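Shared between the two complexes below is chain A, which pairs with chain B and chain C, respectively.
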Partner chain A sequence: MASTDVKTPDHPVTQVVAPTSRWKTIVGNQQFILLVVWIAMIIGFSLKAPIFFSSGVAGNILLDWAPLVLIALGELIVVISAGIDLSVGATVGFSGVIGAFAMKALTSGGTGTVPTLVVGVLVCVLVGSAVGLINASLINYARLVPFIATLVTLGAASGLSLVLTKGAPIMSGPADAITLVIPWIGPFSKPVIVVVLITGVIWAFLHKARFGRYTYAIGSNAFAARAAGINVKRHITKVYVLSGFLAGLAGFFFYLRLNGGAPTSGLGMELDAIAAVVIGGAALAGGVGRVSGTVLGALILTTVTSGLIIIGVDPQWKRVVVAALIAIAATLQAFRKSEGGAS
Partner chain B sequence: MRASRTRTAGVIAVAGVSSVLLAACGSSSSSSTVAASSGTGSAAAASCNGKKIAFVMGAESDPFFQAMKVGATDETAKQGATLIWQGDPKEYSPATQIPVVDQVLAQQPDALVLIPTDPDALQAEVTKAVAANVVVANVDTHVTDLSQVLTFITGDNADGGAKAADAIATAIGYKAGTKYKVVVGLSSETATTNVARLEGFKKAIADKYAGVEIVDVAYSQSKPEVANTNVNNWLTKYPDLNGIFAIDGTNGQGAAAALQAKGLTGKIALVGYDAYPDNVKLIKTGVFTALVAQDPATEARQAVDAVCTKLSGGDVSGIKHEVVIPNVVLDKNSSDADLQKYTYVA
Partner chain C sequence: MTERGDVIYEVRDLSKRYGAVVALDGANLKLHAGEILGLVGDNGAGKSTLVKCLSGAHQPTSGQILLDGVEREWRSPHDAIEAGVETLYQDSGLAPHLSVSANVFLGREEVKSGILGKMGFLAQKSMDQRAHADLDRVGIAVPASGRSVAQLSGGQRQAVAIGRAVAWASRVIILDEPTNHLGARQAGEVLHVMQRAKEQGLGVIFISHTLPHVLQVTDRVVVLRLGRVVKDAPTSEFNVDTLLGTITGLITE
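== the complex of A and B ==
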């Protein structure tokens, strides 16, 4: 069996052609349901507060969506490989803080905005990738399960951020960097457009390239993947480094947005990322999940946040809404699985 | 197989060594013993020569306690005493603080300056210390029974909230009969500092600025990006917003970034809390209208001073049982000397 034969087992019902099943196919398509839910939310919030349907609110939502979708996409790839990455939230804060130190030093040395930001983004993604590499090493060589390995780096990264900053945000970088997050085309700021492009690249990686096929194969059955000739350890390393890389980028995004790096940034954000991934239809058991689902999952989460603030409901309710969405998404997943098993 | 076992052992060894290094790193920042330098110019004022003064604070990661450490280090050196500075690296909780107090008491200090993270939970520790003839003072917060405590020195959070209301009213040019809208960004619904500041703010508005309406409050869970999201959405929701009270450093950072990104610097009054160095710089550029600053260094100095007077057998009649150190409002009219004096130095 060639390793490239492994299919994404995400649409088990697509080959069913009976007319009664076509409706089932549409309803069973998680992305379609998510789209409907998202549009319904927009209509609901707009009816309650017309200002919700505005470019301003769209800009706010996108500003929240961009860093979340970055780490959620990393999490998606890890989850498809049947792993979990709990360290992404802490990595966002840690990379942002280290990047902020670098940018502060450059700025005080008289370096201009553009070279400072270039160095800053490189430092952030390097720190993020390094955390990913440590995760992969702990999993591959110290034989820790991903949950424990990434729990270790979560603790170390968040602790180090606090120790290094003594709790205070690190600012005093290029003062005009924050102007980058001002909407540029419609509600889209330049960094958000970059994130949209990155999302496209990840989509191609996961759904059109060998990288994706290997990831699905390992997540579906690591033993079979190994037998098929895939270097599982090397691929797992790539998966966690990519997740760390994306978390580092999210850290840089927060830096731009907040004009500084804060040790508490990203705190607990791994749970938002996992929520986006699960709502988007991925299975924590591995082998299942799509970029479009995660993108919509993240969009729904950030729309709920802005929506609740705009209609004047305590944003703490977001947790309850998210909990309900996760329950529904997981139930749909379970139904589809049992249906797939029956057919 | 053998190679992989060796490699595994190597990884574990590296992980072990680095965690020890990290721990060493961590402990050096969360506890330190500062020996007195006798023979310095200030030795004349020394009344506490050779005494050990222990400080157990809330959470090392908080710049507030970093600033307090500066005052404590200064004053103990001046008095010729040795400072034992201890506390949990990041968690403000009695569960982590009680073992630290036990460990400190085992070092038999002459005095304990305690910032209790819970009034009831730390009571037994104070009783234990007093029974061992250790002089106890409280700073910032206090234990339930103050009768055993030499002195309690604190900032006033309710007063800070009231001063923030005054600063916003001044910035928006408050006139009776006109309506104004303000919002308040908090970190937590339960933290006593947040609650006291909000109450002080609300009371001052009710008493003096009836035209000001608090249209919204939201919580950031100590995350600046969440504070930023809250303010971004408020700015969309209330295009006629007049002012923002950011109740702590985290909310200040989030709100300042939102105003800068939307080009509203100076158009909406932003009053923050706590004089983090980077926030003080933003007063000069007009992003912050004002910052309410506490004076943790002075709190620490006065506590050290009081316990030294007691330890040296001096006149204790001058020691007040409760001292409230007023907050200071820093704004663009503050002198450079004041800005420097009240900025939390770490």
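== the complex of A and C ==
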């Protein structure tokens, strides 16, 4: 016998969370703070050395920024899914080297610049994606935690790059490839414009599409994602393959800049990528992070590096400045978390 | 006695072993449409295992699961969800960083029409509105469907989780300890939502340690002990004392 007299609550659940103060709203908007910090840096460096405020310097900063933001965006997606990808830096070098071998062979066979570069970029992203696929397989099937899985591929990819090249860059590709990185519109070279477009595409898929929704859901609560019918393993595979793909693109970018594939390209860049992601407001615990934050984080890192050199400070100070920025960003993150809300 | 519909969900001789441990030992169960079935038992009685088999999270070692008289084999929770069997887990059924509407639609997102939809672009506005309407329909009012779940109180979160399950379930809804950690008023709301689901003709399985709640809303109670169904009887045959006695094994037939 069911009693049908369960009392209907007169107020359904409706306590509204207290409105956040204006100060907390500003603290909560990491992107706004980053924009202010970045503009302040530009003003500071320009006052100290007026030459800093020039199209030439801006062009160089953008050339540093483009490959960094590529791998940082891959890292961002991995971090939102509550993972970590330590292999991106090694993948940059490895894919650039393999791409360089392919382009060298094509060039010596008499293939023209454009088809050679097209094949080169395809080889780079294929190699990068393959590393990502290995990462995903180690995580999904060998049940390694992402830190260990990607540490394995970091070692393997960087070791293989050195073995295959005996430590020397692979040159003798299309000789005029380097002309591509010359500024084309203002300080923007063509490859940088491509990177800006890719950033926009990633923004759309991460913040407006199902791909991003699943990534946040898995990072926020993998159990809930699975219970909702999401194929978590398949999505994790997509996430790491995308990270590898972007690292492969970054490898090709370095190839263009150097006009060759160096095994040391991208060395240690995984830490810069993680720094850009954390400064950009993402949480390593997963579920939190924005493309705009990572883009600004990468801009701040590359601006600091160039700025310190131009004002004549030992560029090694960059590490100290970056460390301070990470500390501040992580502290803001902790404050927001203690308020219970995050986005 | 409430009118009962046909049997919609049935379990025949279901067993589940984890290595040498027999968690479920030949359980039988029939759930009718428009019925709330209480599933009770002490810790380790096999309730959670049975729920996991019913929701597709685990696969039984032997036995049959029938939905609408047809034998089904759930390989994943996705299979069960597709067939209209929704499960609300004890804790952690929601993604706290996502908004209320994103949680309601998790795994079933609406996409835009045309090529953008094929690429997975979300119809967010439509989902926000529908989430609000769906939660309203099952008797749950949540301040704003765009608010992230982390900003809600415990009771509100539970309400969203239940609202989501009820809104999507087309055949069966399984609620594992839905009134845990809730205050008296919020628990009352949850029980009310269960009755609304029943009135809509769903089969409801209610797992709880709170025996007064079980006695209050269920039509029938199944008692599990040591992996076996030891009692399956109309709720009217029990009071708190006899139910407790049956759960602990003090009362046997």
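What we mean here is this: the second predicted complex is superposed on the first by the 318 of 343 C-alpha atoms of A that agree within 3 Å, B and C clash if a C-alpha of one lies under 4 Å from a C-alpha of the other, contacts with A are read in each partner's own complex, and residues count from 1 in each chain.
Quick note on the criterion: contacts are C-beta pairs under 8 Å (C-beta built on N, C-alpha and C of every residue); 3 or more make two chains touch, one makes a residue touch a chain.
Being a predicted model, the structure only gives us computed values, none of them experimental.
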> Now for A:Val181: first (chain B), second (chain C), both, or neither, which partner does it touch?
Replying inline: first
> Looking at the overlay, what does A:Ser292 touch: chain B (first), chain C (second), both, or neither?
Replying inline: neither
>> Just to be sure I read the superposition right, which of the two partners does A:Thr111 touch: chain B = first, chain C = second, or both, or neither?
In response: neither
> Does the superposition put A:Val163 against chain B (first), chain C (second), both, or neither?
Replying inline: first
> According to the contact criterion defined above, which of chain B and chain C contacts more residues of chain A?
Replying inline: B
>> Looking at A:Ala209 after the superposition, I want to know if it touches chain B, chain C, both of them or none. Which is it: first, second, both, neither?
In response: second
> Which residues of chain A touch chain B in the complex?
Replying inline: 49, 51, 54, 56-57, 60, 63-64, 67, 137-138, 141-143, 156, 159-160, 162-163, 165-172, 175, 178-179, 181-182, 254, 257-260, 262-268, 305-306, 309-310, 312, 314-316
>> Under the stated contact criterion, what part of chain C meets chain A in this complex?
In response: 1-2, 36, 55, 57, 76-78, 81-82, 87, 89, 92-98, 102-103, 106-109, 111, 119-122, 124, 139-143, 147-148, 150-153, 155-156, 159, 185-186, 188-189, 191-192, 195, 198, 216-219, 234-236
> Taking the complex as given, what residues does chain A use to touch chain C?
Replying inline: 1-4, 6-9, 12-17, 204-205, 208-211, 213, 216-217, 219-221, 223-231, 287-288, 340-343
>> Give the list of chain B residues in touch with chain A in this complex.
In response: 4, 7-8, 11-12, 15, 22, 25-26, 29, 59-63, 66, 89-90, 216, 218-219, 221-225, 228-230, 232-237, 249-250, 253-254, 256-257, 260-263, 276-278, 281, 285, 344, 346
